Amino acid sequence: MRADVHRFAMIDPSDVSGLRQAMDAGAIDPATIVAVIGKTHGNGLVNDYTRGYLAQSLSLLIGGRIGQSAEAVRARVPLIFSGGVEGVLSPHYTVFAVVADEAPTDGNMALAVGVAFTDAMRPSDIGRQAQIEVVAAAVERARIGSGIAAGDVHFVQVKGPAFTLAAILEDRDGRRAATDNSGKLMAFGRAASALGVAKALGEVPAERAVESVVLEDFSAYSAVASISAGVEVQYNEVVVIGMSDRWTGPLAIAHTAMTDALDVGSVHAMLQRLGFPPAPQIADPARIRAAFVKCEAQRDGFVRGRPHTMLNDGDINEQRHIRGAVGAIIASILNDTALFVSGGAEHQGPDGGGLVAVIVERTRTQV
Amino acid sequence: MRADVHRFAMIDPSDVSGLRQAMDAGAIDPATIVAVIGKTHGNGLVNDYTRGYLAQSLSLLIGGRIGQSAEAVRARVPLIFSGGVEGVLSPHYTVFAVVADEAPTDGNMALAVGVAFTDAMRPSDIGRQAQIEVVAAAVERARIGSGIAAGDVHFVQVKGPAFTLAAILEDRDGRRAATDNSGKLMAFGRAASALGVAKALGEVPAERAVESVVLEDFSAYSAVASISAGVEVQYNEVVVIGMSDRWTGPLAIAHTAMTDALDVGSVHAMLQRLGFPPAPQIADPARIRAAFVKCEAQRDGFVRGRPHTMLNDGDINEQRHIRGAVGAIIASILNDTALFVSGGAEHQGPDGGGLVAVIVERTRTQV
Amino acid sequence: MRADVHRFAMIDPSDVSGLRQAMDAGAIDPATIVAVIGKTHGNGLVNDYTRGYLAQSLSLLIGGRIGQSAEAVRARVPLIFSGGVEGVLSPHYTVFAVVADEAPTDGNMALAVGVAFTDAMRPSDIGRQAQIEVVAAAVERARIGSGIAAGDVHFVQVKGPAFTLAAILEDRDGRRAATDNSGKLMAFGRAASALGVAKALGEVPAERAVESVVLEDFSAYSAVASISAGVEVQYNEVVVIGMSDRWTGPLAIAHTAMTDALDVGSVHAMLQRLGFPPAPQIADPARIRAAFVKCEAQRDGFVRGRPHTMLNDGDINEQRHIRGAVGAIIASILNDTALFVSGGAEHQGPDGGGLVAVIVERTRTQV
Amino acid sequence: MRADVHRFAMIDPSDVSGLRQAMDAGAIDPATIVAVIGKTHGNGLVNDYTRGYLAQSLSLLIGGRIGQSAEAVRARVPLIFSGGVEGVLSPHYTVFAVVADEAPTDGNMALAVGVAFTDAMRPSDIGRQAQIEVVAAAVERARIGSGIAAGDVHFVQVKGPAFTLAAILEDRDGRRAATDNSGKLMAFGRAASALGVAKALGEVPAERAVESVVLEDFSAYSAVASISAGVEVQYNEVVVIGMSDRWTGPLAIAHTAMTDALDVGSVHAMLQRLGFPPAPQIADPARIRAAFVKCEAQRDGFVRGRPHTMLNDGDINEQRHIRGAVGAIIASILNDTALFVSGGAEHQGPDGGGLVAVIVERTRTQV
C-alpha cells in the first residue's frame, strides 16, 4: 500500500477543478480517495458554510466519477474542512489516496493513513463522556486498520458536529446540552474529541480522559490531535496519519508541539529530523506535500510576557487572529502558504501552543 | 546629543502609567521628549479613535509635567499612533528623548532623531502635489536639523490627516477631494507623503515625485518611509531617524525592504549587519529597543504563486490581515511582539513588500 | 396563466427541505418553477459563498425532480440570492412558479412574471455600455414575453456577475476593467444594470442611460430595479414582475420608492393601495407573500439632518448596516422578517432611499 | 428645581464642541450639570475605548469651566456612554442639568433626575450579590434624594465596570470571577445591576433578587433599568429619571416595555400617553428631547416565529445586530436617529424585548 497526497488550490468553495483535472489526466484514481482535508474561505466559526459547500462540491465530483451518490461518498470518505484563510494563508484541499503498490515493503517506514466514522451525535452528546468514548474507539479502529503503531501516529484529524442555536434548543428530550452558546459548544466538542484521541493513543490515562476534565484541566492533552467542528456533519470523522513499515512510498510525516505562538525552534528541529538543512526558511518548498497547524490565543492574555488583545476583541474572533499569526509564521518557515491552520486547540497540545505536522517527500539520502 | 528610546506597554489607550512612572523615577526628563510613536488597540482605519485617545492622554501627561497645555505639546511633539494590534502584536508606545550628553562624539555614528511639522491641510490637498511638496520640505528640515546625511536615514515616520465623509463633503470651495471615500483618501495621503519622503531623500527624482504617480506607478517608492493617517491630526507630523556622527550613545538603527510578505532573508541579513548571530530567532531580545514594520497585501492577489484572499474579504479589512501576518513573522524573528506594524504601504517599499527598521543596543564588539 | 409564489425558510444554505416537502406534497410542480429569489446567510459582499451554495443545492434538487442536470436548471431558471440577514431578517427563498390556469382571465390584472438571461460577461464588460445594453434587452424580452405593459412593471430583479481580484487581473487582453477593486466592481455592475432596466422601461431616456452616467449622476435611476451581483454567475439573470390582464390568480404586486431610510409614509401609502387598513403594523401578515427592499447608506453622511457613521466604518460594511436598519423598519411595518433586503442601490431609486415591492394576496373587496 | 435636557451631536468621541458652545452662549451653566448619557462610535463591547475617550474629553471641558480636575468631575457626575451607532443611529450625548427654578411647583409632575455612585468593584464582585446590593442601595439614594416616588421612576441608567482578561486574571486573591470571559462578565454585571434596580423599585421581591437568579431566570426583570458596562469605570454610576411634583418645567418622561423586537404597538401607545397624535411616524420630532432603548436578540433564535441568525454570527456581534435593528425601528417612529440604544438587556424587560423611554416637551394642552 502507498499513500499518495495531492494538494489543490481553489478559487472558491465550489472550485474542484484541480481534482477534476488530476482525475482527467489519470493522476488520481477516484476510487482510491480515502480522505480530503482542506482550508476554505469562511470564518471558521458557526456561520461558516464554505465547509459544507466544498464538501458538497467534492462529493458530487467524486461520486459522479465512481457511480456513487454524493451522500454515499460522504458516508465513506472523510471530507474535513476548516474555514479561515487569514493573512497570507491560501485556500486549498489535500486529497489522500491509498493505492496498491507493486513495490514490496522494504522494512523502512512510510506514510500511512487510516479513517473511521462514528455514529451521529446530538447536541446534548457534545463535550460529554459519550463523545470522548466514540472518538477514542474510532481512532483505535482507524489506527489498527492501517497498521500504524500507537507511537508512530503523527497526526489525527477529527471533524465533529456543530449545531446552530435552533438545533441546540430543539434537543430537549433528555439531558441539556453543555451550553446553549453555539460557538462555545464547538469548543466543548473539540475538547472532548481531543481527549478521545489522547485516550486512544495512551497520551492521557483513561481516568483523566473524562468529562470533568473537558475545558477545565488543560494539562491533559494530545500532542497529535487536530479537531474541527462544523454544522455540515452530524457524526465524527477521523483521519489517522502516521508512519508504518507496512506501507511504501516516498512520503513521510513528522510532528512537533509548539510551546507558544513564537516557538519556532521546535518547528526547525522537526524539519531537521525530516532532513532539511538548517535555515530560517526552506529553500526547497516543493518537498512539502501538506502541513497541518493547530493554534490558539494564549489564555492568560500574554505572549512571552507581553499582552495580546485577541481575547478582548469584539470585532475579530480570537481564532481568526491566531490562525493569521501562527499561520504566517509557519508559512515563512515552510515557504508555503497553503497550510491547514486551525484554531480552537483545546486539549490539543500545550495551552497557548499547538501542533505542527508536516508531510514531506523524503530526499534520497534520508533513511 | 544622545537619543534615548523607551518603550512602554499599555492596557488601554488612556494608560500612560508607563511613562508616568518613568518620569516619576527620573528615568525620563519630560522636557527632553521629542516624539512618541505607538501602536494602539483600534482597527487602524477611519473609525479608529484609539490613536486620538492616546494622543490626548499623553499630551495631558507630558504637558502637566512641563507646564504646557496639551495643545502646545501636540503642536511641538509628534505623537504618531497607528491602530491595530492583530494576532500576537502588543499595544505599546515608544518615547524618543534627546538629551545633552557630556560624552564628546567619538567619530562613530549613533542613533539620531529629528522632527518637523507641516501646516494644516484640507481634504482637497490630500494625495496632491501640495502634500508631496510640504512633506518633502518637512523631511528636509527634520533631517538637516538633526545632522543626518540623506544616505544615513533609516526610517521616516509621517502621520498625516484623515477625514470623515462629512469633512470631505464640506471642503467644497475649490478643488474636489481626490475621492469622497474616506478610507481611500487615507491611501491617497499615505501615497503622496511617501513620494514626498522619497523626493526629499533623493530616492525618486523630482520629475517622478508628482501627483500623477500617486497610486498609479508603484515602482516609485521610498525604502525608508512609513506613513500613517488618522482623523486626529490636521497637519503632517514627521519623524526622521537615522545615524549621525554628531550624536552619541549605544543605540543604532538599520533597515531593510522585504520584497514580499515571506521575505525573511532580508530581515536576517539586516540583523546580522546589526551584530546578531545567525538564528531563526533572536536569543537576546532585550537588545531590541524598537521595531517598525510596514506591509501590505500583495496587489496581484498572490503570495509566492499561491492565492491569498485578503483583497476579497468583506469581513476583515486587508490591512488587518496583513498586519497580523507580517507582524507575527517579524515577531517570531525578533522574539518580541511589541512591534509597530502598519498597513497601507503605498509607495513605501516594493509592491507587496515593506519596510522593516530596528533600533538596537549595540554590543561592545560591534563598530 | 397564474403566478404562484411560495416562500420557504432555511436553516443553512443547503437546506432545501422546504421546497422538497412542497414538491413531495404536490403543492409545487417542479416543472413550473421559473425563478427563485432569496436571502442567504453570508455577508452579501465579494466573499459571500452562501449564494452559490444555495444555488447549487436548489438546482440539484429541482434538476433531480425533472431529470435535468443542475447546470441545465441554472441556465433556464434564474436563481437569485442576496447574502446578508442582518438584525431581525430571516433567511429564506421565494419560489415563483407559472401554472396553467383553467380559469379564464376576467379583465382584471393579476401578478405576472417573466425571466431572461444574457450571455456571459467578462470583468472588463462590467459597468460599461455593453452591460447597460444587454440588460436592457433582457428586461425587454422578459417583459414582452410575459405580457406586462412597461407601466405595469413593479419589480425587476437582476443578478449579474462579480469577480474576484484574480479574475479581474486575468482579463487583460483588451480593455481594463473599470476598477480592480472587486467590491467596487460589484457596484459598477449594479449601476450599469440599473440603468439598463431604466432604459428598457423608459424611466431614463436613452441618451442618459450611458456609461458616463454610471456611478456619477445618481439622478438617473430606475424606481423598480433591484440589482445584485455575485461571483456565482457569469451572466446576468433577469426577473420581471408586474401586473397583467393576461394573467389570473389572487396575487398582486405594488411598489414604492422610499425617499430616505426613514420614509415609512411611502410604504404605508403603498399598503393602503393594496387594501390594508391604516396601521403602524399589518395585523394580517399572512397576506404578505413576498417583499423586496433595496436600500443604501445616504451618500452625504446624514439621515434627516443627523450624521450616520455607516460610510466611515472599517469593521462592518455599510451595506450590512443599512440592510439591518431598513430591513427592520420594513419588517416592523409588514409584521414579517423574511424580507429580501438588498444593499447597494446605485441608480435604484433616489439617492439614500430605495425600492420596496410587496406581493400580497388580495382581499375579496379589492379590485 | 427644574431638569434641563440638552442633546448634542458629535463628530468623534473627542468632539465636545456642542456643549462648549452651549456653555459659551450661556445656555448651560456648567455647575448645574448632573449627568451625561450618550452613544459613541465604538463597538459597544469590551474593546470599545470611545466611551472612555468621550468621558475624558467631557470631564476635561466641564472641569476646566468650574475649576475642578477631570477626576473630580467624574467622581461627581455620571458620564455614561454606550458604544455602537449601528445603521441609521447617530452619535450624540445628552446633558442633564438641574437648575433652580423661581417658578413655584404647581402640583403637576415634571421631569426629575437623581444620581448616585457606588464604591469601586473588583472583577470577582461582578454578577454577584454584592453588586445587586450596592446598585439597589445607590438607586434608592438617587431616587429618594430627587423626590421621585418608586412608582414614578421611568428610567434608571446604570453604568458598571467591565474588565479586560488581564484584570480578571489578576484578581485572584479570594473568590474567582464569575467567568474569565471578559464579554461574558459584562453580561453578568448588567444582569446583577438590573436585579439591583428591580429590587430597589420593588419590581422583584428581595428573595428573587439574588445571585442564583443572575442570567438564569429571565422572568425576574426591571421594566425601567438600562445597564451598560465598560472598562472605563471601576464603580457603578446610577442615574434615576422619573416624574415628581417637587420639580417644575415643561419636560416629561414615559416608558414602555416592548415584548419583542417588532412590538411597535407598545411604543405607539406610550407616545399617545405623551400626547402625540396617532401616526406611524411623529410629525413634530422637535418635541423629542431624548430617547433610550434597551434591546437584545431573542434567546430562542426566533422573532415572531421566523429564525434570526444573530446568535450564530461570528462576524458581527449579536448586540450590534439588534441595536441596528431595534434602533432603526424606533428611529422610524420617533423621526429621530439620535437615540441611546443599548444591547445586552439581561433582566431588563421581558426576554427578547426591551425598554423604551422618551423624554418629551409637553404640549400646552396636555396635563
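A, B, C and D label the chains in the order they appear, each numbered from 1.
Definition applied: a residue touches a chain if its C-beta (ideal position, glycine included) is under 8 Å from a C-beta of that chain, and two chains touch if they have at least 3 such contacts.
This structure is a prediction, so every number in the text was calculated from the model and none was measured.
Visitor: What's the overlap between the neighbours of chain B and those of chain C?
Guide: A, D
Visitor: By how many degrees does chain A turn when fitted onto chain B using C-alpha atoms, rounded in steps of 5?
Guide: 180
Visitor: Measuring from the mean C-alpha position of chain B to the mean C-alpha position of chain D, what distance in angstrom results?
Guide: 40
Visitor: Distance from the CA centroid of chain A to that of chain D, rounded to the nearest Å?
Guide: 46
Visitor: Got the chain B residues that touch at least 2 other chains?
Guide: As it turns out, chain B has residues touching two or more other chains at 11, 41, 43, 47, 164, 166, 307, 309, 315.
Visitor: Can you check the complex and tell me which residues of chain B touch chain D?
Guide: Touching chain D: residues 11-14, 41-42, 47, 49-50, 52-53, 56-57, 60, 164, 166-167, 231-232, 315 of chain B.
Visitor: Under the definition above, what is the set of chain D residues touching chain C in their complex?
Guide: Touch residues, chain D against chain C: 9, 11, 41, 43, 85-92, 261-262, 264-265, 268, 280-281, 303-304, 306-310, 315-316, 320-322, 324-329, 331-333, 335-338.
Visitor: Show me the residue ranges of chain C that touch chain B in the complex, using the header's touch definition.
Guide: Those residues of chain C that touch chain B are 43-48, 164-166, 169, 180-183, 299-302, 307, 309, 311-315, 317.
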